[in-house]
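So that you can tell them apart, the chains are marked A, B, C, D and E in the order they are listed, and the count of residues begins at 1 in each.
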Amino acid sequence: MDKFGFTISEGRQIDYESNDRRIAEYIFDREPSFRLCIECGGCSATCTTGNFTDFSLRELNILIKRGENEQVREKLKKCMLCGKCNLVCPRGVNTRNIVVLAKKAFQKSDEYAI
Amino acid sequence: MILAGKKAVWKDYQKEIAEDKYYYVRSCVRQNFFPGSETAFLKIMREELDKDVYENPCHTSCTGICYHSDIVPVETTMTVVARQFALMTEAGYENLMPSCITSFGLYTEILDTWHHFPEIEEKVRRQLKKATGREFKKPKNLAHASDVIFKFRKEIGAKAKYKLINKETGKPLKVVDHIGCHYAKMFPSKGVGGAEYPYVLTGMIEEWGGQIIDYPERRHCCGFGFRQYLVQANRGFSVACSKEKFESMRPFKPDMIITNCPGCPMFLDRWQYVINEMEGKRYGQNGEGIPVFTYEEVAGLVLGYDPWELGLQMHQTDCEPVLNKIGIDYSPEDKYNLDISPSYSKKHNLINV
Amino acid sequence: MQFDPFVIPFNIGLYFILIYVVTRSVIWFHDLSKPDKLRLQRGFFGLAFGLSLKEIFMESLIHRKILKTNLRLGYMHMSLAFGWFLLILFGTIEADIFGAKHLNAPYKAIFFRFFNPDHGRMGFEAAYGFLMDLILAFILSGLVLAVTKRFYSKVVGMKKTTRLKITDKIALTSLWLIFPSRLLAESFTSGAYGTGSFLTGSLGSWLATFLPAQQMAYPFWWLYSISLGTFFILLPITRYMHIPTELFLIFMRNSGIKTGDQAGTYSEVQTYSCSSCGICIDACQLNFSAGITNIQSAYLMKAIRNNDDVSGIADNCLMCGRCDQNCPVGIELSPLRMIQRRGGEAVYDIRNIYKGYFRSRQTIVSEKAIGSLNYNFLPEPDQKKADILYFAGCMTHLTPTIKNSMIKILDASGVKYNFMDEQGGVCCGRPLMLAGLDKEARELINFNSQMIWKSGAHTFVTSCPICYKVFKESYYLDVEVLHHTQFIKRLIDEGSVKMNFLHKKVVYHSPCELGRGSGIFDEPKDVLNHVSRLEKCNFEDENSLCCGGSLANMKISSQNKKKIAFDAVNELTKNTPDILATACPLCKKTFSAVTETRVADISEIVAEALIIKPLKKISGSNITSIKELANI
Amino acid sequence: MGKHVVVIGGGVAGLEVAGQLSKVGIQVSLIEKDSKTGGNLNKWYKLFPDRRKSSEVKEYLNGITANDGINLMTNTSIEMFNRHRDHFSIITSGGRELIADAIIVATGFDLFKSARKEEYGYGIYDNVITSADLEEMFSRGEISLINNTIPEKIGIIHCVGSRDEKVGNFYCSKLCCVTAVKQAIEIREFLPESKVFCFYMDMRMGGVFYEELYREAQEQWGVSFIRGKVSEVSETIDNQLLIKVEDTLAGRPLKMKFDLLVLMAGMEMSEGGRKIAGIGGLRTGENRFFAANDNHFGSNISNIEGVFYAGTCTAPMNITETISHARAAVIEVIDYLKDSN
Amino acid sequence: MSCKTRCPRGNAPGLIIMALRSLSQDLGYFTESEKGRQQLALKRTVGHWMITYGYCLYLEGVGTSMHPEQGPVWDWIQDNWRDVFKKMGANYQGDGPGILRRIPEEAMDEIREIFKVTGGMKRFENIEKFSKKKAKELNMKLDDGIENEYFQHIYKTNNGSHTR
């Protein structure tokens, strides 16, 4: 902020090439149904946590696919794993297992210790 | 890059530009930041191309910046613009030639709004009559000053003393063209070459020997955004836009940037200084910045005018690298010399006096 | 002292295994936590000692539980275990009576026939010889069954049998060699001396007719000794370790030691008590409905012992508890699996066989300290005062008919209640625990507990058995926790609700978490009996089938879930009931997706049958309009 | 019946109409501006939803038109036609005059000229191709870039020239989504190492088995679908294609580089169709396709008695619909011819 | 205005935003948001120059204190403002045409009249009125000119929540 009174704003652009998608690959290998997600939002509509915050599993799935790991790590904590999303998903995606795998992936990769 | 494809696009966007008898309206920003450019423009139009260019002293600002900052309602702006048309009609001119892109965009938008909603035009007529008692006629032809220079680029090229070619390597200078957003983005058909691949500056550069670079962020805004810059708190957004452009053009190693809007050259120039101060990054080769020019300055340089008369010393990013590449003979020590006595001006065949 | 070199392998094996078992027991005892040590000592010298002995006899030898469920399998195990025990017992007595001295070295008893081939053929000796042969025949009959089971498991009525590792296979062959080699050895010797009873004698004399019995006997005695020796040496690293460990386990269990949440001696003893008999594989629906056959408890135990990657196996299980129910050794399989889930991938690796003998206790990856709380976005818990709190639970919000029926019943009963999570409350925490994330679950448990404390209620009713089990076991509430079936039963007994009798044939599916998980079988059935004609089905109470939709299984694909649900519902609706009743929203949702029969929660059936008498004015609260009540 | 009908356009619809008419014994003159019949079918290698070869459909059509009842006139177009009391006189480009009792217009569709969507740089950047170009690559059996290296990352952009006010086409061309999914699968099948991304506003997979194809693309072939309309394409210095799009479901702008971009061009009224509309005074709708007399029970009837429409000259249709629409036109014609004598 | 070029349905989101901003200023809601309050800063700089000098920008005397990013060259220009513009052939505050000429008074009267008739002045007064109310609410001092506490506050603060 020094003498100019402002800082250069960060872009909100997702840079697909430079993002690290190891977390996404880890999940895709272990939960093939993750590919079926058509991001319809059924899961985030019924979400228990979604009742209290702006947590959206649909958005979380997208951020995982895009490799936005910082944001995913933050949002991941809010899920209560209650499993309602599993029951609602029109494509039969095992959404609950995706969250569990993501938590495990973060635990294993030391830099992103959750 | 398939050039034939671009040429086909340019062919679709032919624009009718007046031949002569221009009613020239100045730009507030350009007068404050690049006075030399406007002077050079008038000199080129009147002396090099001997066109009739009339300028009315009672002309005021078109309130463009206030309108886009939303502190002036649209009817007020329309009535002020109507007054300007009235001044033009009284002066007996029909070819409006604004020097500012925002004004050009505003005139196009107002004429288009009146075209679709004639009742608003009637209301503005009544308001103008009530406020100033004046009557106005809509301009027959509306062309931006850069359109006119584009139209006569061949004539200027013919009189050119220098070419935009690197003296040592003989290769054309790599030039990045930046078009003001309000030039064609709002009404693509009103800009030479349309909104995607505007040809107005490319035409000039190709005519004067340079080579145009097409980089991914060429259509990105320079970041002026009116209230994004005018209020200090928002300038972070403004500088971020220019930075996006510089990051994108860097791999292409451009030698210079040419612009056709009053705000863009100031911002592309100042933001390079700010980014260097904040992040120590330089975008030009071997540690220098990329010099930024208005089209009038480039035309002046090509015609051999004295760089310090064109006002290049008012730029924050030094322009000397380009001058040396082209091989223009100038006196570096007179950069900040403000002497305008006859003897001095004769020695440097100055034009402004 | 008669001695012969062929006994050396046997001695080595015997002394090795005795010393090993003793040292192992000492290590286990030493690792026990303080309270468990006290419990064990009190149990060892108290009443539990008799109990344990009786159980050792009935279970470790006779295998009563297996006999009850599967006669032929039971007989096979009994014959091998009990038969061998008798052989050793009477062998020592034989050596004692007929041998020169009373106290003989162990090898003397086992190889008595070699050292004392002829000790008379008359009266008592013959009878004793006959007895020894009888025991040997008894063992051999079991052995024949065991060998065929390995290759054709139907013979003992088992669909599948456990796949074995190399060391297991070597130990198995050595076990199989022991008794045939004894038979041949004794037969040759008795053939040579003309002794032996109906089995060894007749076989021996027949063989002696065309074979030089005397010379042939000696190599078989060697074979007999070597097979015993190898079996004893390999025993600790194979599944037969369960023979000594089970004794230790029975004593620990009868003295009241439980598995608890973390890995410890008891959990390790249980892991070693598993004999990989394969009964849990047969009971598992993942196996016979979904065709998944590598995750059952037998393989889990083996994976823990060989420290393979456990998470793949541990996570892929419905936690329905059917294997716990059927395990003949009585190992608490689900709690052991939960320990694995909690631990994630345990960080140690002991590969070579030597280390297999003395594995250090399984160290669990300590949870990385999680910085901020996960659910700090939860609002300040507050709850209006009420006597009774009704908690629908996440799943019930997805089956609104249950929620509405409960509201209708509660209103009709006139009790002063409060619907705690009407606006979609916070999850009870059990799904998190099932995924092994206890720390996160604790946060939710604290939030819900405060809500309940603040309400000042004395009774807490919930519709979902998954919630019921966690509220009951992990919430430490001073509030009475009831499942809504229990609460409805109480309302019926108190007469605060009246119901018509629905002439409908109903079959009751007992949800795993309610029945096996929490031991509630009768109240739901009583309520159903009160309201409709409850029919029997062949998977009642403890043996109830899992609907397949369990939250505990994170790995199962939706197709496999459907297969399990489909098989289970076909079984339950075999004699076409009008309604398939259940007491869990998740079971209801899973079943209704795969059957035409109407699947209804008990609360729905009760609500349907409810007679709504005009409400007497309750002081202070306005009368709820009847119309409002009735619009289910 | 001794009647003579002129069918304009030798595409799928034209061939079907000619085939069915000749079956009923009506004399047919089939006028086709190209050198061979088949129209757009020739440009397509495999067809959705089951990816059968387009040559099979071509064989069927050739089969039903391989009889002398049809006078096939290739490389000819219609210069002029006007209506007399009970017949039409038609002057062809070859100068011949034809007398016909009825006319069936089956001029079909043209793919949208993707160059008109300048911001996507078709014809300006090296590796931006259209779905037709890709189909042609499939038929050649090799997918390669200009410098014939194999592409790794391939982007497919939906709705190019449809649902877009900027190019004057408000309507949805209905078939580009399913074509995109089909081609995505074919690319993944052809280049197992490649990664394919589809950029869509809405996935409109309404036809029979379309949704199953969509699911198969995701499940078996791992095609990724990103919701966002690509605003512009530009070429980076190592001439990859940089696209700017907003990932609307993540609510964030997204920048991605591709080796190859495939534009799903929409369907427009064909060049020939517009010409015929001009000559014959046939009414066209706001979407510039022929305007049928009635949307429910008159989709083959034009505003001039005796002139009928068949196929995609009235609206975007897949092949199944085109053939059934063509058969409907034949019934209308027979009906008309019966009561006209 | 790049949004107008791209909308497939022909909308101009930029113009919608301008309409909303105008409405929020007429109804006085603009002072409720950080960016909204900045309208006063614009009115007192650009708006003031417009109706006083007839130029949108009248930068004489506007130093690098308010605009540090203009850099050292701007300090040089400010110090020799008159000579620099003479050198550039300007007709600085002179009569008749030319760069930064003094716009005749009657032209300025006409402009002010237009502002009065068409509601321009009313909006300026609106901005001042609601800003004063807001300043009192936030108990910050707000008097004329740009040196007061409220003006500096709205001119400089950026709570950073816009680029999350």
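As a working rule, a contact is a pair of C-beta atoms (placed from the backbone, for glycine too) under 8 Å apart; a residue touches a chain by one contact, two chains touch by 3 or more.
Values in this document were obtained by computation on a predicted structure and should not be read as measured data.
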item: Shortest walk length in steps over touching chains, chain B through to chain E; value: 1
item: Target chain B, source chain A, minimum contact steps; value: 1
item: Set of chains whose contacts include both chain D and chain C; value: A
item: Chain ID, smallest distance between chain and overall C-alpha centroids; value: A
item: Dominant interface by contact count, named by its two chains; value: B-E
item: Whole-Å gap separating chain B and chain D, where each centre is the average of the chain's CA atoms; value: 45
item: Inter-chain centre distance, chain A versus chain D - centres from mean C-alpha coordinates, in Å; value: 40
item: Centre distance in Å when chain A and chain C are each reduced to the mean of their C-alpha atoms; value: 38
item: For chain E, residues contacting two or more additional chains; value: 5, 69, 156, 158, 163
item: Numbers and ranges of chain C residues touching at least 2 other chains; value: none
item: Multi-chain contact sites of chain A, meaning residues that touch two or more partners; value: 4-6, 9-12
item: Pairwise chain contacts, counting only pairs that touch as defined; value: A-B, A-C, A-D, A-E, B-D, B-E, D-E
item: Sites on chain D touched by chain A in the complex; value: 203, 215, 218-219, 222, 224-225, 227, 247, 249-257
item: Chain B partner contacts - residues on chain E that touch it in the complex; value: 1-2, 4-5, 12, 18, 21-22, 25, 34-35, 38-39, 41-43, 45-47, 50, 54-59, 66-67, 69-74, 76-77, 80, 83-90, 95-101, 103-104, 106-108, 110-111, 113-120, 123-124, 127, 154-158, 163
item: Chain D residues within the chain B interface of the complex; value: 115, 118-119, 121-126, 232, 234-237, 239, 242
item: Chain D contact footprint on chain A (complex, rising order); value: 11-17, 28, 32, 35-36, 38-39, 58-59, 62-63, 65-66, 68, 91
item: Chain A residues touching chain C - in the complex, by the definition given at the top; value: 33, 46, 48-49, 51-53, 77-78, 80-84, 87-88, 92, 94, 96-97, 100, 103-104, 107, 113-114
